[in-house]
Amino acid sequence: MIKVGIIGSTGYAGNELVRLLMMHPETELTWLGSRSYVDEKYAGIYKNVFSLNDDSCRDDNIAKMADEVDVIFTATPQGYLAGVLTEDILSKAKVIDLSADYRIKDVATYEKWYGITHKSPQFIEEAVYGLCEINRDKVKGARLIANPGCYTTCSILTAYPLVKEGYIDVDTLIVDAKSGTSGAGRGAKVPNLYCEVNENIKAYGVATHRHTPEIEEQLGYACDKDVTINFTPHLIPMNRGILATEYAKLNKVTRSDGTEGYPTADMIRKCYEKFYSDEYFIRLLEPGMNPETRWVEGTNFVDINFVVDDRTNRVIMMGALDNICKGAAGQAVQNMNILFELDEKTGLELIGMC
Amino acid sequence: MIKVGIIGSTGYAGNELVRLLMMHPETELTWLGSRSYVDEKYAGIYKNVFSLNDDSCRDDNIAKMADEVDVIFTATPQGYLAGVLTEDILSKAKVIDLSADYRIKDVATYEKWYGITHKSPQFIEEAVYGLCEINRDKVKGARLIANPGCYTTCSILTAYPLVKEGYIDVDTLIVDAKSGTSGAGRGAKVPNLYCEVNENIKAYGVATHRHTPEIEEQLGYACDKDVTINFTPHLIPMNRGILATEYAKLNKVTRSDGTEGYPTADMIRKCYEKFYSDEYFIRLLEPGMNPETRWVEGTNFVDINFVVDDRTNRVIMMGALDNICKGAAGQAVQNMNILFELDEKTGLELIGMC
Amino acid sequence: MIKVGIIGSTGYAGNELVRLLMMHPETELTWLGSRSYVDEKYAGIYKNVFSLNDDSCRDDNIAKMADEVDVIFTATPQGYLAGVLTEDILSKAKVIDLSADYRIKDVATYEKWYGITHKSPQFIEEAVYGLCEINRDKVKGARLIANPGCYTTCSILTAYPLVKEGYIDVDTLIVDAKSGTSGAGRGAKVPNLYCEVNENIKAYGVATHRHTPEIEEQLGYACDKDVTINFTPHLIPMNRGILATEYAKLNKVTRSDGTEGYPTADMIRKCYEKFYSDEYFIRLLEPGMNPETRWVEGTNFVDINFVVDDRTNRVIMMGALDNICKGAAGQAVQNMNILFELDEKTGLELIGMC
Amino acid sequence: MIKVGIIGSTGYAGNELVRLLMMHPETELTWLGSRSYVDEKYAGIYKNVFSLNDDSCRDDNIAKMADEVDVIFTATPQGYLAGVLTEDILSKAKVIDLSADYRIKDVATYEKWYGITHKSPQFIEEAVYGLCEINRDKVKGARLIANPGCYTTCSILTAYPLVKEGYIDVDTLIVDAKSGTSGAGRGAKVPNLYCEVNENIKAYGVATHRHTPEIEEQLGYACDKDVTINFTPHLIPMNRGILATEYAKLNKVTRSDGTEGYPTADMIRKCYEKFYSDEYFIRLLEPGMNPETRWVEGTNFVDINFVVDDRTNRVIMMGALDNICKGAAGQAVQNMNILFELDEKTGLELIGMC
């Protein structure tokens, strides 16, 4: 059994880790770390595990945790892990960080968008960006996983094959994303109150949201050049789910019959299949089916589809995932499965509720 | 024009007062008091009045406010007004208190249920309980109005005619109430976060909710004896609205033909009509129509109906209102209209949105 | 592997059966019956199983289905199964009926409340009322299971120990229940449209709801006398979940020290524990924790608690479950597990999402 | 008093017309037309007007209606009005059509996008596109108003000043719009059921939605050339409200100091002010405030703002309105006010609820 410690187990992503790992056949929850609820019964805070989990929360002493567990998940605010991570910890336990601290390779970019000084830039280089479907091989054997952001996972996976294949002009890429409210976390803030979110929709972080450089960096690797995009998140009155609607101009390419022209819908479908047909967690929907967040809620799936608009020569790509699962805790468990050489699906073969 | 000051104008009830009074033809908003937002533009906090109201919030100096206005609304936490009210204030301005400070005549009862020491019990006697449909005559000429609670208004008005007429055994009265989340206020608390309230229902304050003694006192006046009831509030994933479902055993009465027996549905309907047929804000629905909160949202109406169960000889009474309007700010404006001898409906002839 | 057929697989309860049985290690979905979607891909209708299930819907020929499967689930409108069930079918396959056709032993009562003539009353006697925690022993070896209603399961389990022990006066029992909208089914009806349900609450079927006699019959067995109650369901703007708030007068009983008096909170807790402490799916919450539907959503749990009101000598009991899972499909799978002598929890050890 | 008839008064837009016109000081509701509810009490269907409106629904005989009223509102499916409109009707009453029948000047375009043969193309020419803030002068004196679509009103008004001024490259314009569910109408369809919409978001009509050519035509008039855009609507779990997020590349322009360059945020703000500072119903928010649908719910306001992204040289424009009010019935009443030479705000000075 893999012994697991969680720092930040009482946030929404933390509870999702607890939920997933309690159903996981190969793990043992050893340390439920918390800052606000030390010594309180976990099941008294999150009654979904009432009668199933008798543990009390422990503190967030990560050095001590590393002595007791095989893997540490950090579901913590930006900057936390960078402030406490040490070589000693990494030598004792795998670390899967759900925050942004090691996602961005360029420290200056991180510090600019996050407005924080990075306390341990020496670990950035070795950290592996844990977008499993793209970086699976690098994840194997890593000590430190930078688990991707929720918007980022959705935005990248939805566009990745077309960027990689050169089918779209990345300079025209616009990502209009919509998220449920759990993405805002469990902090007690007025804008996240029920009556402020319900019966409402708004954009936020327009042109300034921190997931922007993360998307740009990863798509940049795919097309081997600098990428600058527009990314606009919106807050939606629902608990879970992200839908990314992405727009880009098609590039003219040489078709299989030798002619020059825009990629056809058929070519684009084949492109997606080339990258994703063996991916259990990515479901390329059939033509005419638009991704809906409800079908992936509570699961690790990403549902993707696209429409070609012959009037504008743009492709509209759509991707849906559960921000707390595939967008956070689910992908973290997927990374853990890879790290510990388990079947990648272990504990994640969940089916969404209608 | 009536000059109006509001203490607590940036809470949900405060904003409803602002909304109603800005549409009211006879009032002028003179002082928007706040504790947290002093000197901030009101329209920057509540953008429903953007471009319509250019005022900045002022402090909550009630003594100074009394010099400038004709009427003061206090939409404040329990205990606030009791701590600052003076004879001088009452001599200068009418005070309509949306808190519970002067609703309960017995200080000991207030202090027991609210867990606060009452700082100015000397004003309790003169305060008029502003349930307009019942106490209209007393409201006229009063200086201090104790504006009823949201659950209370709904619970009392739904049962009042049958209690008054002796048709039900008040000792069997059970009030099961359901409320939208605005009733919990705009304070930043985890239990009121979107993700905690959405897709959920729970009871709270079971057997201990503070509106209980207020309902008991008022129904006690109606039947001229002590009343002890069960009142259970529930939190519902919607912004506004309260539905009270009330149960009571019917009393045997002497019917018009001289026989003894339980009141018939027809007799009960006539009883409601006797008390409410002239009341604009109380709508006795037709047989078979159950009150729904959506039809009264944003209005000062209370929709009421009932079903007689011949199997159990109980009557099930149902009442619906908007907790922030008729349950708070709307009724407060109705009281103001009475105090200033305006048509009671002035500024309150609103129609709900479908 | 147990071969399974479902009649009505494209309704909400049908899809929940599909979801649960696809995750169940001992079953094989052999026949997904439908009336409206014959020959259509199931995963095209319910995209939660996209990429996981490649079956097309088949018709609802139950006689033919009985030749191919070991167990038939009927998630069908009232009257359907009664019209098609035969001795031949029962001789070939176990039948678990999610409709009300065989729940009520007295045909006249069924016909009165449902307004339908019962077409096969000869099977009523042998049908076992599948409330697993109460009737587990009778379920074993049965051929025909009448799977309880959603409101019924919640209402009965919440009150059962206190009724059985004689702690409450059943003649005073009032059940005020609140349900998510999935209980209304997937039929295209105006009252179930999003805009009609959202931001609204209403009672319905007041004093006439069909689950009433079912609750009365089962509680009657518990206290060995006729029971007549008030049951009022309400429609709530959420997808899943039922909360039952139940009120009853306490009976005076002889306490362990020989004195006569009302049962104390401690005695009531012990009474619940006596019946439920070994029940995995029933979670008696700790004092002060009120059941909330979100903690049981997607699971087969029932969360129960109570408050004693010393002022009125009533006990307020509260129970929460997922109407589509423990209230329908989950309990049906639990019954199947018992019928086929599997561990009762097989495939049902699900943890709710926060 | 202006006598008003409504065809389609029992749909959501129809009920909004009823709500607004009952609060309008200069109108008299003479004929509430319906197809499904003839002779039924209107207040029995829409209980928001219970006790306030005693009328029964009449049929949809528009010719007869024209004899009795001064103005006819048609809140009807596409193709209805085109099939029944006559010169005789237009000679007797003003007609304000909330459907798309006369919005698009090119019949072929209409027939292609709507898939219907236009039955009365002879009236298209004279119909005035009733986007009041743009076409106010043409509305005056017209007989037939083509009231704009909900998405269209929001999309056009949000971009109009920048298109008109040549600040943006219209060929790069992308409109990503999100709508509450009332826009789908009150028809009983499975996709609009509560449980299908709640906790979900999806795109629909991608690259094919019928409001696209309407937006293109109107923006084409603004910049005097053919416009082809991408427009993607999304369905959101809320009753009312549309948010349009619009993206376009900035054009280089000659600045006031003679230099060539992209318009600054300040220039863009001035451009909006130039067109909208005198428009009561258009509220240009202050820098940093993003439009939210809740602030305009129930009102005729459009809230607009923008962000310039210096990294991409795009402007992100955002507009929010109530799809049933400014996006349908409110704008129709605004058009009526103009037609009858009333103050344009009459009956529309509504303040949204928090």
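Chains here go by letter, A, B, C and D, matching the order in which they are written, and residues are numbered from 1 within each.
One rule holds in what follows: a residue touches a chain if its C-beta (ideal position, glycine included) is under 8 Å from a C-beta of that chain, and two chains touch if they have at least 3 such contacts.
Predicted, not measured: the structure shown is a model, and the values here were computed from it.
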| item | value |
| --- | --- |
| Maximum centroid distance from chain A, chain identifier (CA atoms) | B |
| Pair joined by more contacting C-beta pairs (A-C or A-D) | A-D |
| Where chain A and chain D are represented by their mean Cα positions, the distance between them in whole Å | 38 |
| Chain centre separation in whole Å, for chain B relative to chain A (CA means) | 46 |
| Of all residues in chain A, the ones touching two or more other chains | 12, 180, 195, 198-199, 237-240, 292, 294, 297, 354 |
| Partner chain A, residues of chain D touching it in the complex | 172, 174, 176, 178, 180, 195, 198-204, 206-207, 228-230, 232, 234, 236-241, 243, 245, 247, 290-294, 297, 307-309, 311-312, 314, 316, 318, 320, 354 |
| Touch list for chain A against partner chain B, complex | 12, 180-182, 186, 188-190, 192-199, 237-239 |
| Residues on chain B engaged by chain D in the complex (per definition of touch) | 12, 15-16, 19, 22-23, 44, 46-52, 199, 240, 283, 285-286, 289, 292, 294-295, 297-299, 303, 349-354 |
